[in-house]
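What follows is a group of structures, each given as structure tokens.
Both complexes shown next keep subunit A, but they swap its partner, so subunit B is in the first and subunit C is in the second.
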Partner chain A sequence: MRYISRATFFHHLDPRTKILMSLACACLIVILNTSFSLFGLFMILLAAFFSVKPPLSYIKITTYLMGMAIVATVISQGFFYYFEPRTPILTILPKDAGLIGKLTGGISIYREGLIYGIVQSMRLFSATLLSMIIVMSTHPSDLILGLKRFGVPEKIGFMLTVSIRFLPALAEEAKRILIAQKLRGLRLKGLRGAIKGFRLLLQPLIIDSLRKARRTALAAEVRGFTGKRTEIKNIRFLWTDWVTLSIVFLIMVLAIKSRFHL
Partner chain B sequence: MIIIKDLTYSYPEADYPTLEGINLDIREGEFVLLIGPTGSGKSTFLYCLNGLIPHVFAGDIRGDIRINGISPQEITVAEISRIVGTVFQNPESQIFMLKVEDDVAFGCENLSLPKEEVIKRRDMALKEMGLLHVRNAETFNLSGGMKQRLAISSIYAMGPNIFLFDEPTTDLDSKGRGELLGIIRKLKEKGNTILLVEHQYEDFLPVTDRVIILENGKIINETKSFHSIRTVCRERRCFKGYSNEIDIQDLTFGYRKERPILKDINLNIRRGELIAVCGENGSGKTTLLKIMAGLLKPDKGRFALLGFNNPAIEELIGRVGFLFQNPDEQLFANSVEEEIMFGPLQLKKKVDKEEYLKLANFNTVRKRHPQTLSRGQRQLLAILSILAMEPQVIILDEPTTGLDYNNLCSLFKILNTLVNENKTVIFSTHHMGVKEFADRAILLEDGRIVSDEIYK
Partner chain C sequence: MNSYISSVIFIFLLGGTVFYIGARRRLFKGLNVHELVTIAVFCSLLYIAGLPFKFGLSRIPFIHAFTYSIPFTAVLFIGIRLVPKLGTATLIIFGHSLLSQIISRGINPLWWPYALLAGFVLELYFLLCRSYLESRANVLGAGLLRGLVVYIYFYYISAPYIWHIFYAPWYIFVQTLQGVIGSGIGALIGFSLSKPIISAYRHGGL
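On to the complex of A and B.
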């Protein structure tokens, strides 16, 4: 999952707009509580998702993630819905069926639970789509630049950039360590094996990362990095940013008004 | 230009000085090659010039250093970086930004130059260093040679006139080395002063004005040539068996179907052969080795090893030993002894660890944590940990990277011992000088075998 260079509406937005927009969306996901409004938010984000022209593989991953989310929430909410009124639509174990029935108070699937599950998964869907849109349409360095303009200190921004830059290498390295262990005949079974395997992976990974970090720190020193520097990159607010932010603001006001009956 | 008088330096809490009584004058525009075994103080010497000593590494520094009349001890590392630029060994750890052009500008931005000046210098460096065509590319997708070029460009844009290179070619293949040589030549023609530390230095001799040899922190005047290893390490032998250890017929492989990495490979390897697989980065060396170790499955063709046809990796564990390039990804135990016994323990094999400790003279360090050893020792330990599983076929990916003369000798002595025990050893290398220690060299070019030489 990563940035894809395209020329779409979202790609052209200022990273600051996108940061504000995602904050607003995150609030909306929490504030909205009717199935109608949550579905509305989901549809808007779905349209936005397709507007950044995601490749087929990304659509597949997103569908898969959303499928998992809906199955998990609907089932768990269907079974474990506690609020009254609740209407059982399928009773698996009646209240008076032996000890387990008494202990659990019966196991049933509730209609209200299923509906609540669907509403909850709308929230998860929206969060998934939102992060996908931001990741696909914003180059990480632009995102960091946006954060810096919001007052995040230079050194923190630098740390973020460097960690994003080293992430792919770290994943590759972990993969090689695991193969190397397999080649040395390591076969791990069960929970104890998993814990041992984790330790055996972590130790070389951390030591090597520390070594790399040290080398990187020296390289930054000889490039004169002190935390005070010129920034040649520019990000600019265009009229599209203002329009987008106004719409987001308007939706926020409406949502808050209807939620808290102001 | 650079005047050094009686320089002596000890790292904090060290018992003896790393540099001792160094006296040296380097003229403007001179190209100085600095050589010597690992631990002789070469990198430390460079750190004294770029201010990392004493500003980052404390310790006891005596004597006097003057660079253009200024002492690096009296100004900050950032200020020194305007006159002295440093390029390190590993290009990977010298790149900070995600986009090529941002990384070229990185150093200039740190100097707090005016915005227009930064942009001017960035574009100049991109152009002169031949990076214009990749200016918008992502840095982590570049090849090793391009990464090192980028690291140099970022330093170049800062405008120093003294360049320090600390083993810049170690992680590059011969194509990358060639490119780097071109860049360094260009820097020299522009009148820059260059100080280069390197183990495999033959390529640089034509541009070198002076060779300085460091040993145990002192400047000495004689050296052993790299080529003499061949006479030291190589023993001629005749093959004891003629059974086919590895048999590859019409093999094709690609990570993506439409772009094969290996094409129509036909190869026969006999028991007891010592084979070098050579070629540029991206020629398919590592891929071929991985197929031989059962880590990758060929798309087409036949691959047989020790009588197994297209074997699964599980069938080969214990029979084939495979060593990845970076030893640090393969050391997981808490002591040298444990590391050697890790594999045999998993396979429930009884082996004599003393025998392996002796192979690399590890008796004195047996209780130490593997990660506290020197880079060369870690490389040897990673090899021993594979050997202790007593595999019949040993496959090593770039085992000579970063080894100095002494460690290189140890490595080839170990490999010779193995071959004399009738084991089959295959190693890849991008250093053409190294292939001659093998009995046979296979040259890969763009996924095809273009030559297969047997040395007599």
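On to the complex of A and C.
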């Protein structure tokens, strides 16, 4: 999943607004505790997700991720629910079944746990949708610029820019090395094969990336790079950013009020 | 005060202590452009190392902590051995976390303490041992410590607070154990792979 160039409302927002929105939504995901409010947040984010006009392939990925999230959460919470009262609907390992039974205290699926899992998966859905909206509507360099404006040190900003620049080249190089190793008879099946493949991939990949790093560092040094950079692109708050932030702030206040009965 | 907020305060105190001790011992040497770019490359390499896990190995149920921690620790430790300075571990881990948030997960500051803790714990370990992964025993100790702290923090603090998902103690124990073993193996792999890389890097062979 990556940035898509579109002319939607979210694309026009300042990256700082989107960073603040992410923080607010992340807090809301934690604060909200009723199934109704969690469902409401999920529906708002779902509408926002479709407003970014995602391609069909992204919708499929999102549906798949959400499907996996609900299955994993419902199963795990079905097993690990420990609030009382809890009603076991299926006992897999009784408490008195040997050493494992004693160590685990018995393994059962609880009805309340399954329901809790469904409700909690709304949080994961919201988190997934939020990340998709930000990633699809914000170019990585704009996000770095936004972070810098929030006071993230210049050197970390430079580091992130270099990392993003290196990423596609490294991924491509890793693929090339693996193909070359496979052509020489490397078998990657099973966990042992994966570890062996990883060992054989890592050394040439790191050596190659260090060569690239040296070239980049030399280029930066001969240009007199000190850590400070100027940007061609300038970001500024528009009225839409202020309105969006006001709405987000209002929702936050209401959520905190209702959660803590203020 | 809830456990998450207490943990955030603790992490910042830990970071402050680590860098205060570092400053007292005059270990702050600053990072030149070459080292900064090397650290940036390792942030990307950590992301690449995690990709097979995201697309394939994570499907293996129950052993994901083990399969993920091997490549992560190996790449991380090679990076630390290449730039053995105070702050390298934190910059690589936190940089990788920010990078994956920018590229695929979306910015979420609630996960930053988790990444910072993983970095600060290693920095403290290096300060106490006065060694930056220079011997096999030191490397193994750092790997085991990383696995222990990161998985316990994730299962006891981060996941219950951020996702409201709870795990049974026996499950946390099994996952942490796998994470510790995986990190230990990854650390040893990283140590053995880093020797020729370091020699080429230090003597201008690249």
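What we mean here is this: the second predicted complex is superposed on the first by the 230 of 262 C-alpha atoms of A that agree within 3 Å, B and C clash if a C-alpha of one lies under 4 Å from a C-alpha of the other, contacts with A are read in each partner's own complex, and residues count from 1 in each chain.
In this text, contacts are C-beta pairs under 8 Å (C-beta built on N, C-alpha and C of every residue); 3 or more make two chains touch, one makes a residue touch a chain.
Every value quoted in this text rests on a predicted model; they were computed, and no experiment measured them.
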Going by the contact rule set out at the top, does A:176 touch subunit B (first), subunit C (second), both, or neither? first
Just checking: does A:200 make contact with subunit B only, subunit C only, both, or neither of them? Give me first, second, both or neither. first
Output check: A:186 vs subunit B and subunit C. Expected answer is one of first, second, both, neither. What do you get? first
Regarding the shared-chain residue A:99, is it in contact with subunit B (first), subunit C (second), both, or neither? neither
Can A:29 be said to touch subunit B (first), subunit C (second), both, or neither? second
Going by the contact rule set out at the top, does A:7 touch subunit B (first), subunit C (second), both, or neither? neither
With the two structures laid over each other on chain A, which partner does A:81 touch: subunit B (first), subunit C (second), both, or neither? second
Touching A:56, do we find subunit B (first), subunit C (second), both, or neither? neither
Where does A:211 make contact in the superposed view: on subunit B (first), on subunit C (second), on both, or on neither? both
So which one touches more of the residues on subunit A, subunit B or subunit C? C
Overlap of subunit C and subunit B interfaces on subunit A (superposed complexes): 140, 158, 162, 164, 203, 207, 211-212, 216, 218, 220-221, 225
The answer for subunit A against subunit B in the complex is residues 139-141, 158, 161-162, 164-165, 168-169, 173, 176-177, 179-187, 200, 203-204, 207-208, 211-212, 215-216, 218-226, 228-233
For the subunit A and subunit C complex, residues of the former touching the latter: 1-2, 18-19, 22-23, 26-27, 29-30, 73, 76-77, 79-82, 103-105, 120, 123-124, 127, 130-135, 140, 143-144, 147, 155-156, 158-160, 162-164, 166-167, 170-171, 174, 191, 194-195, 198-199, 202-203, 205-207, 209-214, 216-218, 220-221, 225
Once bound in the complex, which stretches of subunit C touch subunit A? 31, 33-34, 36-41, 43-45, 47-49, 51-52, 57, 60, 67, 70-71, 74-75, 78, 82, 91, 95, 98-99, 101-110, 161-168, 170-171, 189, 193, 196-197, 200-201, 206
In the complex, go through subunit B and note every residue touching subunit A. 50, 52, 55-56, 76-79, 81-82, 85-86, 88, 90, 92-99, 102, 105-115, 118-119, 122, 139-140, 151, 154-155, 158, 293, 295, 313, 317-318, 321-322, 324, 326, 328-332, 342-343, 346-347, 371, 385-386, 389
